[in-house]
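Chains: A, B and C, in written order; residue numbering restarts at 1 for each.
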Amino acid sequence: MATKLGRTIIAEQPFSWKTFFLKWEWLLVILFLGINVMNASLSEYYLSGAGLFNATNSFLEKAFVALPMAYILVLGDIDISVGSTACLSAVMLAYFYNLGVPMGLCIVICLLTGTICGAINGLILTKFTELAPMIVTLGTQILYRGIAEAMLGDEARGGLSNVKWFSNLYWGKVGIIPIMLICFVVCAVVFGFVLHKTFFGRRLYAIGANKLAAEYAGIKVQKIRMIVFTLTGTFAAVTAIFLAARMGSTRADIATGYELEAIAMAVLGGFSTDGGKGKFPGLILAIFIVGMLRYGLGLINIASQFMLVVIGALLIITVMLPNIKSMFKIKKKA
Amino acid sequence: MEKKKFDWKKITGSREMSLVIVLIVLCVFVQIRNSSFLTGETLEDMFRNYAVIFILALGMMCVLLTGGIDISIGSTLAFSGMAAGLVMRDYMIPTPVSFLLSMAIGAGLGLVIGVVITKGKVPPIVCTLGFMNIYRGLTYLIAKSQWVAAYQFTDSFKNFALTKYLGFGIVNNMIAVTIYCYIIFFVVMKWTTVGRRVYAVGSNAEAAAVSGININHVKMGVYTLMGFLCGLGGSLWTSLYKSAQGDMATGIEMDVIAACVVGGVSLTGGRGSVVGVFLGSLTIAIIGKALPLIGVSQFWQSAIKGLIILVAVVLNVLAQRTMDKNNLKRREM
Amino acid sequence: MSEYVLELKGITKIFPGVKALDHVSFQLKPGEIHALMGENGAGKSTFIKVITGVHKAEEGEMYLDGQKVDFKGPRDAQKAGIAAIYQHVTAYPHLTVTENIFMGHEMKKRGVIQWKEMNDLADSYLEELNADFKSTAEMGALSVAQQQMVEIAKAISMKARIIIMDEPTAALTKNESEQLYKITEKLRDGGASVIFISHRFEDMYRLATRVTVFRDSQYIGSYDVNGITNADLIKAMVGREISDMYPKPEVEIGEEVLRVEKLTRMGYFKDVSFSVRKGEILGLTGLVGAGRTETVQTIYGVEHYDSGKMYLNGKEITVKNPSDALRQGIGLLPEDRQHQGLILDWGIGRNITLTEIASLGKNGMTDEKAERAKAKELAERVDTKAVTIFDKASSLSGGNQQKIVVAKILASDLKVIILDEPTKGVDVGAKAEIYEIMGELAKQGYAIIMISSEMPEILGMSDRIVVMCEGRVTGELKRGEAAQEEILKFAMARSPKAAKN
């Protein structure tokens, strides 16, 4: 059917330097470079192999759960149970290892635990869509850690460092590059690719932007939510693996606050809690910014408590910034 | 015209009723297993230890009624309690002054949160997540990673949690304060316009705005109030435990929110009552106190608490669905 | 001193892309019940919102008892004694009837709310209105008719002198409507002046002394109810010649494509059966609350049904969600294009390709190039007024937004296309274009179901018309034999059971 008035619509988007650079991500790049410069000036061996290792490994284990957390935020949901999931998964791993189960199988159990925890979240939320993710994951947060506490009491389960290849997951390197960093990069690339280049990712954005419209467009909203929550649980278990590899033992009080850090990283990276927004490069930059910042401040013996203040403030300012802009815009018009 | 049945009133009333029944059953069960449960001493101990949760739940109810949430309460409590504690350590201020100080500080902290949420338009969950970190970090910093230890508090302050002068000699101070708070809140929420406005904002913000209610003021008010109560809680806590530590009250927000949810406060706003909050807090307190008495290891407490929250909210949903279905049945086609 | 209690002159209200009111005038005499009529989109609701202070007009003046007034918000209008009764917007579902009535102006003594006095006063209002519920009932548990009574009680409590009702009988049974008439007359006898918007002539004949007609955002005229006939009124409301507006092509109608049999969903619709054939446009009409949207939502899989069957090309099908529907070849243009049809934050290209994103790419990956080509093709096909496919959907006018939703539907391989109020809120120009598109689609062999509340549209575009009332199919007419009065008769034909209530 030819258009009545012969109107043609342009399908190419001309490249504009202005829109290319006026992005949140560039701000993050600047922050990132700034922090690295600061760190390098604080410690002369920051830029060496050992220095690089220390720097990245100090925060990367938490970053694994930030990857699917970004998906959760894109959907417009939230999950505050990941810390507890990681804890329980790690506890399961150490518990069974101490019962004599071979380490390889323990890792499988660990991943299975995390996946099931995530799946329970997903199941409750998709069968009872009236419930807010906040309250359900609040409940499971308490429940999962509670199970870990019931299992271990206030004891520790150790001996994990006896398995050399397991410890090496955290402590090992390929050349000068830490193994964990390689794992992370691979995961990050996959997550980023799926989010930006597949129709699964497109659907995530649609659900977050307008759940109803997504449903009308034939997107199986609940099925996708189920997948993402389950995936989050699995990756909480991945975090648990690296955490356990680092410490060589587990207790029921590890991994507290991980959900907050993951959310903070994602929000800083440009993902909004309202859903439908955010790009992966931003997330990666944010993860490294937060991590490097923490590391650098640690170098000059700034209290880790001060870091708490900084991350909290960072999170709030990040979210407030666009709103302040619009506040001024309105004032101008009136 | 068909008469609308009014068992809706009975059902919402009966949500509280069914909770009361559950609690009675629970108490009887525990009492049978361990006859020292329902004694004056045990119960006084329970109420005294959980007084802070009872009080904070009132503030959380108001926040939840407006459709918001505040998970920073543990940190706010810690900061106010620590700040007042430090001042007492260094200046030996009298007990009432210490209380006023912590309450003022708490209110200030709450006000900041309220402003960021209303003017900064930051979603409550993100905002209070951030401030949870900020206030906790600040708590450690002002304490310079130390404690305020028992010997650094005034005797009168430490005795506050043990004496009964506010309770006319009958009831412990902590419990008395709790009772006063509940009475005040009950009256205000039900009998003053201030209270009704909180409900209105949560039930239908659009309509509230049209009625001339200033939504931002109401919201800022509830967060400031929450902070105020955290401040009160801070002094109560430090008096009870005779020390001010940087990590005090970590995780308390979960107990408080659980108390509200179990007590029937809706997370989306508009629904909730002081009576319900009381019952919900009582549930949390009984679980905490009773479980060890019947031989359940304290390490199972969290798991049971988490399970109870999940069961409570799911039951809520199922009850609502049945009500809706019944509503539809009445529509004659 | 003015002879009018309310007068408006030259009111113009503009929204982005649409002139909702064009130099409209209006006069309300004291103590009269005045009907406001016109087609959907004629500007009635917007006009009411200007009177109640919700919208501010760009041009024009308003006079209350001869004095010029300038409302800065709804509160000012309330203080001036103007109350509006909509269907649900201003209700607090969790609170009681009393609280809903008195919110914002509670009865207090020294700061303490006097619940007993308020409840009693509320009960007295309810008694006056012959309500069958008490003031302590929870608002959310009441039926629409009962909630409406609460709104009226609210107006009484605020001593409103001008009461405006927007489609008051739309969701009421015959008995409930009768009650409403009595209440309205009582209000007038008590000194209030009433304006009500309605589609129903019987409302007008029963209550009003005068009627004003709006058409296409303009004031057409005010008439004495006694002196005007239905035909005159319809002519005033519709104005243009029907045949010009609706370019319905002659299409050879083929085999039956979709058939639904005795579809039932408790509380929404019962025993709905109809069928639609290849190349046919089936008009599905009725008054608000008839259950049409609910029915098609069920066909499309957004909602479930309790019993009944669906057949596609003779074979029985089940549709559990929109994905199923689309796969089988059923598409839907939803009633609320802004919340259900489009993602306003996205560009129009991304909106168009959303449904078929999987098939446009390969191996799970998205193919930007193929997407853009497809989006361009479809956007041009529906003749969208946009410059690039990257224009945000929110920047388009109502009519163009609707065209984008149509383009989105056309991206899929469909047999049946359901359009729910396709020209609601769309300006005249775009309306004609949408009708063109519909005609083309019929020619191409799609089976089309069109839901509409606009009589001329139904009469002009449908090959067959199915009328629903309160969840049941009450009538079916063919193109030649249909007329407005026939349709209205079916649309108001309440079932014997409901009429008994």
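Simple rule for what comes next: contacts are C-beta pairs under 8 Å (C-beta built on N, C-alpha and C of every residue); 3 or more make two chains touch, one makes a residue touch a chain.
Note that the structure is predicted; figures quoted are calculated from it, not measured.
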{"item": "Top chain pair, ranked by number of contacting C-beta pairs", "value": "A-B"}
{"item": "Farthest-lying chain, centroid of Cα atoms versus that of subunit A", "value": "C"}
{"item": "For subunit A paired with subunit B, centre-to-centre distance based on mean C-alpha positions, whole Å", "value": "31"}
{"item": "Length of the line joining the C-alpha centres of subunit A and subunit C, rounded to whole Å", "value": "45"}
{"item": "For subunit A, residues that touch 2 or more chains besides their own", "value": "none"}
{"item": "In the complex, subunit A residues that touch subunit C", "value": "1, 3-5, 7-13, 197-203, 206, 209-210, 212-220, 276"}
{"item": "In the complex, subunit A residues that touch subunit B", "value": "78, 124, 128, 130-132, 134-136, 138-147, 149-150, 152-154, 252, 260, 263-264, 267, 273-274, 303, 305-316, 319-320, 323-324, 327"}
{"item": "Complex interface listing, subunit B residues touching subunit A", "value": "69, 116, 119-123, 125-127, 129-141, 145, 246, 254, 257-258, 261, 267-268, 297, 299-307, 309-310, 313-314, 317, 320"}
{"item": "Interface residues, subunit B side, partner subunit C - complex", "value": "1-4, 6, 8-9, 12, 190-193, 196, 199-200, 202-204, 206-208, 210-213, 266, 270-271, 323, 325, 327-333"}
{"item": "Subunit C - residues contacting subunit A, complex", "value": "300, 302, 321-323, 325-326, 332, 334, 339-346, 349-350, 354-355, 357-358, 361, 364-366, 372-373, 375-376, 379-381, 383-390, 408, 433, 436, 440"}
